[in-house]
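Below is one structure, written out as structure tokens; comments come after it.
Just so it is clear, A, B and C label the chains in written order, and each chain counts residues from 1 on its own.
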Amino acid sequence: MSVHASARERRAGLSLLAGTHTRYWLLIAPALFMLCVFYIYPIGRVLWMSVTVPAPGLGNYELLATSASIHKMLLTTARITMVTTVVTLILAYILAYTLVHSSPRTQRWMFLGILIPLWISVLVRAFAWFVLLRRDGLINSVLMSSGIIDTPLSLIWNETGVMIGMIHYMLPLGVLPIYANMRDIDQRCIAAARGLGAKRFEAFRRVFLPLSLPGVVGAGILVFIFSLGFFVTPALLGGGKTLMIAEYIKVQILEVVRWGLGTMLAATLLLLIGGLLAALSRLVNLRKLFGAG
Amino acid sequence: MDKHDFAEDCVNLAIERGADPSRRDLIRNALAMGIAPAALTLAGNGAALAQARKEVVLVNFGGVAMPAFEEAFVKPFAAEGGKIVLDGSGALSGKILTMVRSKNVTWDICDSGVTSLGELGPHDVLEDIDYSIVDKSKVFPEFAYEKGVVNYMFSTVMAWDTSKIKTEPTLADFFDTKKYPGRRMMRKNSQAMLEMALLADGVPKDKLYPLDVKRAFAKIATIKKDLLFWSSGSDSQSLLRDGECVMGMLWHTRANVLIEETGGRIQYTFKDGLLQPGIWVVPKGNPAGKEAMRAIASMQKPEGQIRLLAAMGNGPANPLANAQVPAELAARNPSSPQNAAVQVKVNAEWYTANHTKTYQEFLDLISS
Amino acid sequence: MAGLEISNVTKKYANFRAVDDVSISIKRGEFLTLLGPSGSGKTTLLMMIAGFVQADRGDLTLNGQTITHLPPEARNLGMVFQGYALFPHLSVFDNVAFPLKVRKQSREEIATKVRAALDLVQLTALADRLPRQLSGGQQQRVALARALVFQPHLLLLDEPLSALDKKLRAELQDELKRLHRKVGLGFIYVTHDQEEALSMSDRIAVMRSGKIVEHGTPTDLYERPNTAFVADFIGKSNFVSGSVVEHRDGGFVFSGGGVRFVQRTKGPAPAIGAGVSIALRPEKIGVLRSGETAENELAGTLTEWNYLGSEFRLVVDAGPFGSFSVSVPTWQSDLAPEIGAAMKLGWSAAAGMVVAQD
């Protein structure tokens, strides 16, 4: 088809559709309006403040490069988020794999175990971890009384504690997308691989693993983004010594009232996540990943 | 956050303790003092006057502070013909700033603290306190500021676990992990922590301000690996109660409860503590105008302040109240003369000038 | 021996015997079909051969070696699954290359063999496509190429044509036969479609309730079934039962429902008084015109008729003998069937097949 012809066709198509389009727009207008008022506008304000408060310019963004305090906080955030994501994905994969290969009865019980924590407040969960992990807690006392260790392990009030709490919180978010994906994998493909000469592990590596990767990527995005913005668990289990970006922003906005800095960090977080999603959407079908179409 | 948190914590504390004796005392005291009947007889007059007078919205942190404030402040003011409406949504600095900036001020008086003066000072969003209405002689003079005035007193004190530390430790011992091994806790805020670090390091009480931040940080850094930092009052309570820490710096209200809870295993001292004021602030352009100042003046009366002490443990801000504090409450009243004498009083000017920057640096110091 | 020997294998699930003491063998180059209704155990038996299901009892011997307890990957059998089970993330080329890759063959060797296998199924042009970009028939051929490329001892096929439409199925049947001749491997083919079984197999084993009821060449089973089940399952049959009343030369007479029937036999006739059943193919029964006679005759009423182009298919109610299905070629009939009309059916003494009743 020549360029001209296609352009002509498109124009013809447009004029035909114009009336219908207007009607469609009218239909979604209320939703669009709400979105603008309650979402786009506030976010626009945040972005605007990040370049205008306290003085117009990119002064706040310069701090990203120059402030040692911010560097330290970003590094802590990145470290905790990545470790949490990787460990969560490994555990979630093992769980989802076991789930998919269990009898329906076992599956029901396992699901209950995975989902119940979702309904328990993050505060209560942090407290439960406190009971288990503290110096005189269950884990340390069992290990000590059985003679495996002779001084209590530092399992809480540090990054270890934060990661344990966060991984526990993230696990269901990791398991569900991976499970949904694995459930759709045709088990005959694995049988076929075995029949064609692949040993159990090789069938897993060459067939099951690649087929389950979209679920892992989806879970990874979900867990990574959630972890980035995590607030309560680090604050409670970190002994006050683990400062991640969400708490840092909260301090800037509500306490020390440096709104320019706070909004700059919020904007940076937003752009980072947006960028990540954009990059990933080139690799995988995000809409499908999160359950649409 | 500063003593916002303290005000907020008073509420949490009361909630955690449930139907505790001090609450019942509050009601009993109110009846004994005849306030309730008096309020009733005056209600007719008051209502007529209130028509002409503007409503004053007072913001605290809700919960049990609502009935306590009702008894201590709202009813007495009503008896004078005024009207206070309580709002329990909590006046964080950021919220006050948002309200004033958007010219949509709905609050008149906020239960706040000295660090807010520092945080909000540069933004010019607070009204001056009108000392022609508010009586300067009815407060500790050092806590009557241009943009805020004391409403009650509280202390940051050192507490310890007597099962691990047999004799009363000093602040210097707090920083000596060889003498007393074990974890310690501090508040996740530079306020009061710097003062106590400097006292421990040998700075005389009268030379404390201006704070030598570098020296304080260096002192804290010496025991950093043994430190935990609490954010909420209930955290500070559980860390000591559950034996996670051998010593800790916390609010006296929480320390009081710990003594009861642990049957005396946890003890604390006002010695070398930091006496701090809770502060009323008035957002700029508040709807009730000068009526807010009249409400503040009414709340200076000793009776109401003693009721607050009985209910929530907050010390009276009016020195005249001290003579009327019942003996059983005096020992734990942070602003009683004998307790105040062994403490340092916080210097709000220093906080106005330095808190924001110091707090951020403090967070950087501890988070690594 | 070269080939697969299955001896006395049994597989139980709880109290259900999916495969019950089955023995059969297949020679190299033979096309054996396991035919049976669903639930007859044919797929379970195939999965036991492939190694996905472990036999509770019995032995499997492949080319003289016991493989009963070998895992699937060690048996070197090619398999085409129902629905093909192609790897959706791999191209046609990589699908076919899979068995070679797991056997650690060299890159060049793989390329050559995959090309050859794709040539065999005429898919060379589509090597770079993903499975979902192929038609059903093309996918089926990829599955075949993948199962053949590593020169397995045997090819196992589990209802490979069931997902396809009728016309394509006929085409692929021919192609499978061509392929079978060309590669010279033993094929074990599972299906529930008796026409497919008849047209493709060297030998058919008919299964029912976990057992092989009968096995033999398609002609054996169609012309000379030993059981009523096979007579009815492979093609349609009508059944007439009775007891033997008289022996004749090369046959016997039996009586049922008050009618006497003559039946020829090759072997010895059943004893006098013994119960006997014969199966009659619909096409071996004629409709007698007035005045015509046959060795066996039966009166009935027409209850249903269908015109199928090449034949009429009639259903005749023969009273105590039940319904009879009869097909009459249209070219030799001046039939004008009318529902309710009286009819006389006739068949020769050689038409019936003596079967064991079950």
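List of remarks:
What we mean here is this: a residue touches a chain if its C-beta (ideal position, glycine included) is under 8 Å from a C-beta of that chain, and two chains touch if they have at least 3 such contacts.
Treat the numbers as computed from the prediction; the structure is a model and nothing was measured.
Of all the chains, the one whose CA centre sits at the greatest distance from that of chain A is C.
When every chain is represented by the mean of its C-alpha atoms, the one lying closest to the mean of all protein C-alpha atoms is A. Each chain gets one centre point, the mean of its Cα atoms, and the points for chain A and chain C are 55 Å apart.
With centres defined as mean CA coordinates, chain C is found 91 Å away from chain B. Chain A and chain B have Cα centroids lying 39 Å from one another.
Chain contact summary for the complex, chain B toward chain A: residues 1, 92-95, 97, 119-120, 123, 183, 188, 227-231, 235, 238, 242-244, 356, 359-361, 363-364, 366-368.
Every residue of chain A that touches chain C in the complex is listed here, in rising order: 186, 188-189, 191-200, 202-203, 206-207, 210-211.
The touching residues of chain A, when paired with chain B in their complex, are 68-69, 72-73, 76, 130, 134-136, 157, 235-236, 239-243, 248, 251, 253-259.
Chain contact summary for the complex, chain C toward chain A: residues 50-52, 71-73, 76-79, 81-83, 85-89, 98-99, 101-103, 146-147, 150.
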